[in-house]
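Input: one structure, supplied below.
The chains carry the letters A, B, C and D, assigned in the order they are written, with residues numbered from 1 in each.
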Amino acid sequence: MSEKMKVTYYPGCSSEATGRHLDESIRAVMPEVGVEMADIEDWNCCGASVGHIGGGPLPTLALNGRNLANAKKQGNEHVMTPCAACYLNTHGSNLTIRDDEAKREKVNEALKAGGMEAYEGDLKVHHAMEVLVNFVGMEKIAERATNKLKGLKVAGWVGCQTVRPFAETDDGGNYDTYEEPEFLDDITRACGAEAVPYEKKTNCCGGSVAVMKPEKTLHLMKLLLEEAEKAGADVISTPCPLCQTNLEMYQDAINAKYGTNFHIPVVFPSQLMAVAFGMDPQKDAALQRNTIRAEKLEKLAKK
Amino acid sequence: MAQDGPQSQTIAVIGGGIAGVTAALEAAETGYDVILIEKEPALGGRVTRLNRYFPKFCHPTCGLEINYQRLRKNPRVKVLTMHEVTAVEGEKGAYVITARRLPRFVNEKCTACGECGKVCETEIDDPYNYGLGKVKAARLPHEHAFPMRYVIDAAVKGTDDEGRIAEACQYGAVDFSEEEEEVTLNAGAVIWATGWRPYDATRLETYHYADSPDIINNVEMERLANHDGPTGGKVVRPSDGEPAKKVALIQCAGSRDVNHLPYCSMICCLASLKHAAYVLEQYEDAEVHMYYIDIRAHDKMQTFYERIKVDPRIKFIKSKPAEIHPGADGRPVVKGERTIDRELYEESYDLVVLATGMEPSAKDISASGDVVKDEDGFVLAIESGDGGQVSCGVAAGPFDVALSTQSGTAAALKAIQAVGAR
Amino acid sequence: MTAAIPATSRTYDLSFARWVRENVKGGDKMNLCMQCGVCSGSCPIGSEMDNGPRKTFMMVRAGMKDEVLSSTTLWNCTSCYRCYVRCPRGIPVTSIIQGLAAVAAKEGYADKEKVSNYYFSKAFWWSARSFGKTDERLVTMKYFFSFGLVEGIKRALANLKIALGMVKAGRMHIGMPHSIRNKSQLKAIIAKAAELESKG
Amino acid sequence: MADETKIGIYLCEGCGIAEAIDMDELEQTVSSEYQVSTCKRHAAFCSEEGVAVIEKDVKDGEANRVVVAACSHRVMTDRFNFDGAATVRANLREQIAWTQAPQDEDTNMFAADNVRMALAQARNTDNPEGHENVVKSEKLLVVGGGVAGLTAALEAARAGTEVTVVEKTGQLGGWTRKWSRLIPSRPPYRGLIANNTEELIKAVEDNGKIKVVTNAIVARTEGMPGDFTVTIDHGGSEETDTFGAIVVATGWRMPDDMTPYEKYGLGKVDGVMSGVDFEEVLAAGVEKDGKKLNTIAIVIPCESEQMPYTSGVADRIAIKQAIQVMDTNPDAMVYVLHDNLRAHGQAEELYREAQDKGVVFMKAMVKSAAAGPELTTDDLLLGQEVRLSGLDAVVVMTGMMPNSTNPDLPKAEKGNEFLCDDVNPRVPITVNGEDAGDGDAARAAPSDADDEGAGVAPADCDPENPPLPGGALLNLQYRQGPHIPILYNGFIDSHYICFPYETRRTGIYVCGAVRKPMTAHEADNDATGAALKGIQAINLVKESRATHPRTGDLSYPIFGLDICTKCRRCTVECPFGAIDENEEGYPQLNPSRCRRCGTCMGACPVRTISFKNYSPNMVSEMIEAVEQPDPFDEKPRIMVFACENDAYPALDMAGVNRREINKYMRFIPVRCLGSVTLVWVSNALEKGFDGVMLMGCKSGDDYQCHFVKGSAIAQERIGKVEETLKNLMLEPERVTIEEVSIADSKRVVDLLGKFGDQIEEIGLNPFKGF
């Protein structure tokens, strides 16, 4: 890749709450590997995973249209987001606006109502993970990882929307597979940690259904935790803020319901990177924000 | 290479499987010169690796034996083995076929006495058995090989075997100086009989073919059931050699799937019914589940389907499994939705056979002139049909054996017309 | 949405199926379904669904509008997109199920007990409209209380421990909700979009 | 021939032969026992030098019979092939060197006997020169003017052959001409294509090499390939012409019995029509009686009750018709009701096209039809009963009944048994046959389920009223009757998967929907193949050579009528109806009909039928040539007659795998068990053999005999052998017949072993030594 890559950054709503540690660690590590980020001006919500129901397709499309139009103004062809749902909606909307003329006209009409310029769908939307795979490359991460996470056993849990359905990138081709993506384990290894075999790599935690009706999805999360435990993982690493929060905050409920005794920290790959890069465990890796603290990782962190 | 007769009147047949052998013989027996070009060390292609044919359960080698006798008695057919065609150029009456001649390290002096095999210590994955078993690097391709000549794998080069083998041969048939070389052949007409290969099951990620020895594909099942296969014909679990009594047959593993092979491979359903019979026949307490979308019994095969169906030990489940993976006990688990009663299932088996579809081998060969390839790699004569290139067998489309030999016969006439019928 | 859903007079009256084809995202691909079952078999909580995507598609063909729109299938999609990427006919299954859910909501098939998604989504849109962002805290609260005061308090308390943990970790803030600057612009855009949607 | 016979014998020492066999002793035996003109040894006779040695002897007149004692006759065939000298092979390698204990007394005896038999064979064989040329015409007759027939004619003409097409009706093009749109056969495999039958008809009519006779049928066919004298009935006036070969492309018709379709309302309910009739509606823009048809159910009769011959075609036609409706009226509502939708091969794309265009496919079983029309169905995927009402039309895909006979003609007086099923396709499956590892467990037990038909015994066919009505297509003037024998379900298909054009009437090839159900495009390709077979047959017959499977064979049976008793067994048993009877009732061979299997030879009780290179006498002398050891040596001898098509190769492969074969066996390859005369069996026993085994191909349903009935006939004959044995006061267990497949290279060894032990138990043949 070219030494530096400029991206317009879309943090997404969770970055200001449940996903703060994702946002903070991404902001910390990306520049370290040559990715310069500038936030989308006055960005708004993407519609998340339930928006379409209440609002319907077009308003959801318009929400994303506004973000993209703003990004376009900032004159940089790459848009990057670390959030799976944001990626799904922004990428999907971008495609629709690009390929569906009728919808594009409607969106632009809506944008016009807000006094905004039309957007033609000519930006490229990337997931932060895709940027790491396709633009940064594992070598560069490994190179920068001066504080190798020796002995840390990591279960790489990709989840769903980070690769489905848009493993397919705007530059054509898939940045990894739908069923058995490897990038997460690659990052783990690049950080000097051990990627334990994790069969449920792309299993679902229940997503927003888990938020609304946990009782229906606890068994899914139990399975994910069991697998990690079987594999002897110290931490589970996931790129998805909703996955991270769900799996972290429902462990008590699971233990209560199934009489289990899970206490497995769930971290973001960017947190692993921050520690491996020898950066500040609080300011950069935001480890203090995990409600189940990743002690072993914290011990590895440079004080 | 040397050819008798005017090359403009010679018919080149690419592929020595059942379709190619048929096309070559039918043309030769009608009085025309033929070069039959095969990339493997012996003829017979996929068919020689089959255990039985549907619907008769007869042995494919039986028909091949007749065809080989016809070949032995017919000087008009020149058989070239280990010639891998890479390109066909030119026009009617003057085609140039480029091929890689692969080293066999054994010349025509070979008598098949077997001394080289006796001294050879190097073992390789047996290509004849799709790598299910091991075989000496110096070997007769299989008991029914035509030509009946040994072949030595390059694996022995540089090992002590090289010397031992050269010494063992009393007929000056071993020649390690052989190297791959590019050869060109000329012909007045070309018959594409390049056949097929099973769709790469590792690309069906959700079926975890690579993650369990007990998840196999349909061509491997033929070897398992074959008397000269890796298990001597016993259908067992490759993992531990235990009897495979509970078997799942998975249809459309790759076929009828826009993410893989968009077309229906036509033979899989019937081959799987045949596989069911293999299992039912070997174990009284067998249990066979056939997962399908549609049982596609073409032309008169309906009666064959009904013939298998009467056995109470086989169940037909209308469902394309969503996932297949090694279960907790190591046995493969098949997971999905039974569409008739909308029940979700998760069932373990001794053996899971993926009915992988047929992918045309012609994909790898560059074609030009009066022949076209469709998006899937099947070869078709140009619309007008008066060109000099024709196709038959699975090179032309997903066919069964009867259609392959039938189309091979038809292809012979088209080629004869092209070289100028006498 | 466009033209109101036509009433179906008989089984396999295709007018509903064709309305879906025209008006639901991905609907144009729905008729390609060959009923193989991969989608339903791939669903993580398919057991929570009465019909699952495959049968739902068949029911749409059969013109079973009421059964389809009141089906639990629409409200238990976790958006994992397994069905979407595995479908051998390349049908965007997830999109269609979500699209049908939106239709069901619009058509008033969303009943409190069954269809919490609808209320969650409503709460969510309330936040999106008012602040331009999702304030998870407020959305969750509003969602809880959309089941009534008692139920609301019950759920809130049940999640109190989690909430406190989040607050402690700085992942749930107290005080004014986050908000975008140009709210009026966003309101205008959404309003216009909604208007266009209803016009079709 | 015998007097100036000069035999050269060549003992090969390669491939372990010399290691296993005492060659000096062998050479000694040969020269002491036989008058050979030369006996040579070589390290590898198959080598250039080795072959040169033999060639020289032949050239120098040292030998006009060559006996190569080396490898099996199945290999090195091209190298051991010398002009002017009949070549006989003694199998020392596969059969002895590779299967026997080296340098053992019995091994040497085995080798000596194989050479003795070869020498005896050599004395009684000669290079055959073919029968007199019978070719009177090189023209091709094509019966049937549909797509298959026209294509066969055109493709043959393009190859330079003159053709006459005989069409029953006044119009060429058959059914296909009536269809307004056809299924695409080329990429992208979607989008119906225009019907090009008219162009095909024109191409045929414009072709100078093709003569078309319409409103005509074949009244009579006499003669044989190369000389078929065919009488064509042209609207009452008969004309006769001669042809080299015949292609039958008489196609299909609507089933004679439509009652199975009544449950769908066909012929009972207004608005219900057959797929064939619906084509007219389609051609008229999906209008019937001026009314547009918008809501249509197309029913593909479901499996259990479906006539087998609709398989695969009906489904694709249903999809085609559905697409055609949508193309005309995109708002139409079309339902295709199926069980398993057989859109195989590239038709899957056609299926997607139909769905794309809004056709709805239902896996639904029709229960009943009522006025409206409307259908009550069991919708399997909705899991409920569904009433399809408000329909404008119901279309029922009916079956394709093969025109294997001409229904307009009266039933033939004789030979109708050839219209009975050749095999029963529904007998329970056994993979390995009787001798399957797990025996009866192997058999698929018929379930008590309602799978009627399945697992039943062959429909016992009454020749008096055969399943197919009407008279013969070609009205063959053959001793065995006028019909071309059919396969099952009434189709004139080949029984051999590898050889789709093999009928049981030489020089007559069948293609199109009369061979098996197929679409127009498939028939087109099929016809091209049939045309080639016709041309090929003519070429082969011109050189007096056999057609498939002994292609190129010049030998043919010669009948010594002097001692013929007119018993007619040869004429009756010939699988290909090659032998007629002349006025005096003597057998009369039609040489170009003959496939050279020798079944007639095996049938002849007075041994007066023989081939130049294969005769009762030759084999008898081979039997005699085997040395019978002194009874006190306790060394039994067992004669094995092995079919050279499957059993003998299996034996060779046992050798290739170095599997030990019972050392008391002696093998004689035979063309077909049908050619084995009982005389050989009694010969063997009289000469002191202790046992006799016949090895042939699978018989019965799914038979594997390459000459149809050889194996079965042999079993019948052996059944009669018991008396002979009783007369000789011998145990019946001494003679057995086994079915062996080419894949039995393991099993065959066990069979021989078991039989060997059995004979040893019974004890030696008391005739030994007499």
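A few comments on the model shown:
FYI, a contact is a pair of C-beta atoms (placed from the backbone, for glycine too) under 8 Å apart; a residue touches a chain by one contact, two chains touch by 3 or more.
Model, not experiment: these values are computed from the prediction.
Here the chain at the heart of the structure, going by C-alpha means, is B.
Farthest chain from chain A, judged by C-alpha centroids: D. Centroids of chain A and chain D (each the mean of its C-alpha atoms) stand 66 Å apart. Taking the mean of the C-alpha atoms as each chain's centre, chain A and chain C sit 22 Å apart.
Mean C-alpha position of chain C lies 64 Å from that of chain D.
Separating the centre of chain B from that of chain D, both taken as means of CA atoms, is a distance of 24 Å.
In chain C, the residues that touch at least two other chains are 34-35, 55, 82, 86, 89. In chain D, 363, 381 are the positions where the chain touches two or more neighbouring chains simultaneously. Multi-chain contact residues of chain A (touching two or more other chains): 178. The chain pairs satisfying the stated touch condition come to A-B, A-C, B-C, B-D, C-D.
Taken in their complex, chain D has these residues touching chain C: 333, 335, 351-352, 355-356, 358-363, 379, 381-382, 386-390. Per the touch definition, chain C reaches chain D in the complex via residues 9-14, 17-18, 21, 31-35, 55, 58-59, 61-62, 89. Looking at the complex, you find that chain B touches chain C at residues 206, 252, 256-260, 293, 318-323, 335-339, 342, 344.
The residues of chain A lying in touch with chain C in their complex are 13-14, 16-21, 42-45, 47-59, 61-63, 65-66, 88, 106-107, 109-116, 160-161, 164-165, 178, 202-213, 216-217, 220, 245, 249, 252, 288-291. Note for the complex: chain C touches chain A at residues 1, 25, 44-45, 48, 76-82, 84-86, 92, 94, 98-99, 101-102, 105-106, 116-118, 120-122, 124-125, 127-128, 132-137, 140, 143, 161-162, 165-166, 168-173, 178, 180-182, 185-186, 188-194, 196-197.
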